[in-house]
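Below is a structure I'd like to ask you about.
Chain lettering (A, B, C, D, E, F, G and H) follows the sequence in which the chains are written, and residue indices restart at 1 in each chain.
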């Protein structure tokens, strides 16, 4: 069978990630990597701390990526990248983009300090956090990225997570680094553009990618993309950029802000929640969304704020 | 000689800090402790990580405070306090205020992660950071609290600190804890009030105290209080409170915002700066001040934002 | 067009063959994850509008394009069902694996 | 009124006297930091307006109040000069230490 | 000592199966040891677990290389891997399959038994059509075929050890026991 | 081997003094070792430093308990601490003082010398009246009194080793050397 | 009550029966089930404890130290990288005399990432002042946790209860779970003589000069030296109440043995099987499994090996640039006591390479063949 | 050029002459002058290196590892708590074959806080796979840093250059500072065979199963075993160019000694003074100062002590629940080699308690008085 029309590609065809990797069926984290590598190209070094991706990549002597990886200690992604960058520069390679690639646990929790210090120095690295909202590699324990209400093995139904998700983007904004962006694997073109943009900026860049995890969220593997879209459409995970900690730009505007209930319904981790609890979650989402809108609106128009 | 009039006391007379301690002449950190203890009273446990205060307190088998101290590891102030608090509660003491008392290095740098995690869990402790803007105990090395332009032994004059002071208050605000306040030893009554207020609040409270260090700043010991006032009057270190990460209140309003130059002049650590560099510092101060004012102004009036 | 990469297994007979440090020298392509699949996507090409969406969203990089049409590489497809779910014309069916 | 606290030195003759862990049992009051002073504050009480500012700002807690007037405890005063600097009537002078 | 290897897929409860087996055995006063494959389990990927059974304490903590019997909880695994690896001559291969033992074409040196655990599971509402939860049914069958314990022990173990739908699971185990 | 103990106050350059001493000694081919008090130095607090001088390599890395001589850079220290602790009989006590040696009332078994290093320092613009920097003047005096080196070595060491005002410091050292 | 449970749950039950008051722990494979079960126990109030869900192992130990100083009984569990990340605070626990009890699952150290059994993680902590108990089955794990609280709190020295990755942590075995009341009888509440409280304001751990530090550390060592006798005593007490003796070592057929295997952990369990098989072949071999490695049980080891003609130490660990660690310490312990017997040092099973009964046969035969060790290390199972 | 410098600056000069390319370090007493001088050198371009001013020692080592993997020569320095905080990453450096060179100032471990000399910090890292060089004077410090780069980069194993707090770190001594050109000749640029680069995309340190991990670790140990010969070789080469031999040990009057002191660090320097004084009293004593502790120099130690009638090991450290660490390892090294000579284990000087020539006299006399050691540990200087 042949068709006249050409196949439509909204992203470059070249793949730097291979099949055969060890992600679960329908893994959002795998897609995040696929998209980011498409944007960054081959002149890249990845520093990957302990996380699902240290398994997904495969077992020695194999790898599923066509770019080099430094599998580093759990708490060191950011500063390992700074070290690699400094080392490369001293041996004459000033071009390679050095990327720290970590999960939410490695970013919000055990790796936060190293990340904060890298940002404070404005070291020239790209930090990517793929956020699946728990420690998945070790079997679904709470992280500080776990949202309010969620079940994990360390926040059992009888004692579910009671604090809101840590606002890592606000924390990073307080560091006044040149570039921060949120993205979702449900919007690959947006994600692709941001990774490309981040590549061209100097200093510390932070890319926060929402990456559903069917295993940990007790969702169906085929719902991964759907979830990654819903979370944006209901403003639970808004998609925006922050320049120099000040200039906020909303990238995906919502014509109609959806309610969170459909989103919660298709995830086993929220199954136990009462209506009241869901209502209070909705309120919180609304409040945060308003706050974001006001930051976006009050962002003064500046091309670049000197830091 | 006898006078008719009574001596005026703007703070309670009782002292929980004794003379004989090992602070340098004119140490601001010593005063910070004196004031905070006056506010908190005796039902307190302090967790003090490595910092000047681990020396100031004195050598085994002595202490200069009349409250108990856990001298803990440098990077652990916040979580040591959480541990003590949990332990005390399990042995039946639910009243004692557990305080983490750390320098800027122990707060902005090596202890940041533990602090962030405590705040994320909203553990019931009071965290106090006395900020002398460098690692003083080890002999004046840069911390991420060191301001732009300052000399330290690791930011020599030829390569002075080039990044701005890390905005720890904004970082903590992003954690949406019940109470954050800045204070200066130049305004003891304000500081006293805040410590007292913090004591009564449940959850994680963060008190950030500006505490000049004549040894590290190359200033005259007698200028300690003057510096601690100037820094407020010129808006380099504004004095304000943040409730639940949202409600900003400016406590010391400035009738006339002073220029920073007098403040810089009396500190050896800024001696090398050119006029141009000082001008750009002034700009940065102005910009941050405006930003703060706008946060204060846009703070919606709420008694308490549920978190 | 899908570029062919080598997918051999690597066997170290002696410690002398092992590199100095745990350093990859081969690709995971040797690992045929098709064996993980318990349900199988089948494309009805007649109804395919060549939108590229299935290709774009496959987490296992196992939909490739041949003669301008999507083809599934069953050696690797884990059967997640994303392609079927996302296909705008619903021309991908998830069918039971033969036993 | 200044409450008197004990200021003895503690001497451990044998390991048996030493507590199990490094735990304080005495106060630093035994440490007479007056010996650190190289310049000495002297209050001219005639001009003192009893504002309490010197008391408030002494980092070494060594200005106390006797008969409603500030008194410096030279056993501990390190001679930082803050009291003199901050006194609104400038009635505290920093004078050279006798040698 | 009897050594058994369980084959399944990640997410299908292979470890739970071996644990319920162990519970069953322990109910009758024997010693037992059950351990999962030592590694990273991914949904869908082939995984296995071991069981040792003895009437005296079991000290051997090494892996099992030459099992007396193997159990295959998912028939598609037979294509994917060699389930007979190391299996002792005369050992049972117990497969979840709608086919008859002969149809599976294993070498003659092994005994083969089949049980349609999928059908039983679905009948008792365990899992979905796409991924039925067959582990309790498999345990029922294995215990019967290898004569390891009475049905009562199986049922007790299932009721105590299965977190969801203990009744349905017990019924499935019972049905499989009886059908084997 | 000659062992000397330097007494001073934190922030007055006691360690620098011992270092310049060591530089001076090394200029004339002798072996030398200088080390500060092992501890926490606070501005104003009494501190000390040690120096060992020998014509062969110095292996002893322990502290000095019985110095041959002591040097006191701040006269107020005499009240604050016992500067003669452990001092060997016949050893020198060299004090920065405007007084005459006899006036200091040290036990007779020690030799006493004074030098008005404060005056010299102030004259050469070293430090302030409240805290003069006397260390180079003290070194000049000590080297002369103990006959440790030529003035040229002192001056060279001062010029190379003092970060600020090397000329004034050298002049102070020279004046002290000559006055002692 | 008998239950089939995994080693990780044996740790959790031990902590529960010990009425732990504060838990702070961080997940890591292969330890996760310990924290998961404890989370559940705390959530459903089976256990009245505060569980601080920290952001790293470093903070886990820090929280435990604070809680312990406040007078609460504390527990944590970790493995490999997590244990290593606690290193500074392990020193703190012992130096500060904080009797924390910790479960550690022996797992190999990265890089490369490896989640399988290997003792290098815990043995790299041998100099931190913790007592170390190596277990060989799940029953022992549970019993040891309970005993560890007792001993640690008596001596004010922390304890580590150690089990192998997977071959114990994830292995289901039948475990007799003692009754709470009996455990309460065995293990009184923690009530330390010194604790941090505003009622008696002491400063703990302040600057300690050369004039005092030495004595404090001397006391720590002297106290640690009391542990062997105490472990035997509390072990017997435990036996009286629960029917199982704990003790310092597990000796199997050593009295008449010509060659004694020295082992630890699950490897020391598998070794028993080999001993039986080798005995059937007529080889007089015994197995001395060391349960308590810190403090090192000098006396009992010296006594038990007295009659042997050869000793073979089997290490699933290595101190790079030296030997297997048990080998090193056994030689050191026997120096001057048992000078003639040749001691062979074998390294096997690093990074989870399996150790089977036939591994021990190979080892025994190798040791029997040689008069004395010819190599510093004899490697077993390296592909060459 | 001769200069009077402190031990900390000797480290900095070593790093500078070695043309370190990336430095990442964090201040800690008594190490601060190392980073301060290096900061200045980088600021005024005396040294062309990137200095990453990290927020903790943990990150310091992490940054070094990244830079080393990228092919840059890296240096850091720390002490006690800082070293302990790096622990996990020390394992990483060796396992990942990253030849970082680090200065460590020996300081006692808290609590209580103590900033004085004590070897427990570095010796607690003895199992992390680093080479360890213990220095006794500032010249040795500088020379050893340069040599350490050479050896580490040859073997792809990291090195720790160790000096005592204050008695070396802050002590000024005359040091001959070699010329840059000659150092360049001795020490070629770092050019590792494997490094991370997009030109050859390898994954380093990924998941490594039981089927491979063992061999990787075997290779590490085998490579480490080459160090002693290599250290002797590079030491001689150094001697040829700079007139100073480095080597594994520093032997002083051991050949005819009846009793040999085994020492390390500055303590081993002070011991020499005691040896001379005791010799004058007619006691035939020698001093064997161990310079390289990892890998343990088995052969040379065995050879040197061959003739002695008694050995006294002096430890400024302790493995709680065991012995002094040098004592333990010396006994282990001599087991089966020198079985008759009694070895006495002394612990002295913990937490900076001073060790003087008379301490050694006390030790020597004690050892001479007894036939064999009666206590596991002989404590010297504890107030009793």
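Definition applied: a contact is a pair of C-beta atoms (placed from the backbone, for glycine too) under 8 Å apart; a residue touches a chain by one contact, two chains touch by 3 or more.
Here is each chain with its UniProt name: C, D = 4Fe-4S ferredoxin-type domain-containing protein.
In this text the structure is predicted, and so the values were computed from the model without any measurement.
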item: Separation of subunit F from subunit C in steps, with touching chains one step apart; value: 2
item: Shortest contact path, subunit B to subunit E, counted in steps; value: 2
item: Inter-chain pair with the most contacting C-beta pairs; value: G-H
item: Chain of greatest Cα-centre distance to subunit F; value: E
item: Reference subunit H; chain at largest CA-centroid distance; value: E
item: Gap in Å, rounded to a whole number, between the CA centres of subunit G and subunit B; value: 43
item: Whole-Å gap separating subunit D and subunit G, where each centre is the average of the chain's CA atoms; value: 52
item: Between subunit A and subunit E, centroid-to-centroid distance (C-alpha), Å; value: 40
item: Sites on subunit D at which at least two other chains make contact; value: 12, 15, 19, 21-25, 33, 36, 78-79, 94
item: Overlap residues in subunit E, where contacts from two or more other chains coincide; value: 38-40, 42-45
item: Contacts with 2+ other chains: residues of subunit B; value: 22-25, 54-55, 57-58, 60-63, 66, 69, 71, 73, 75, 109-110, 112-113, 116-117, 120-121, 144, 214, 221
item: Subunit A-facing residues of subunit E, complex; value: 11, 40, 42-45
item: Subunit H-touching residues of subunit F, taken from the complex the two chains share; value: 18-19, 22-23, 26, 31-36, 38-40, 58-63, 65
item: Contact set on subunit D toward subunit H in their complex; value: 12-16, 21-22
item: Sites on subunit A touched by subunit E in the complex; value: 22-25, 55, 214-215, 221
item: Complex contact set, residues of subunit H against subunit G; value: 81, 84-85, 87-88, 91-92, 94-96, 108-114, 116, 118, 120, 123-124, 126-129, 131, 204-218, 220-221, 224-225, 227, 294-296, 298, 318-323, 325, 327-329, 331-332, 334-336, 339-340, 342-343, 349-354, 372-373, 376-377, 379, 381-383
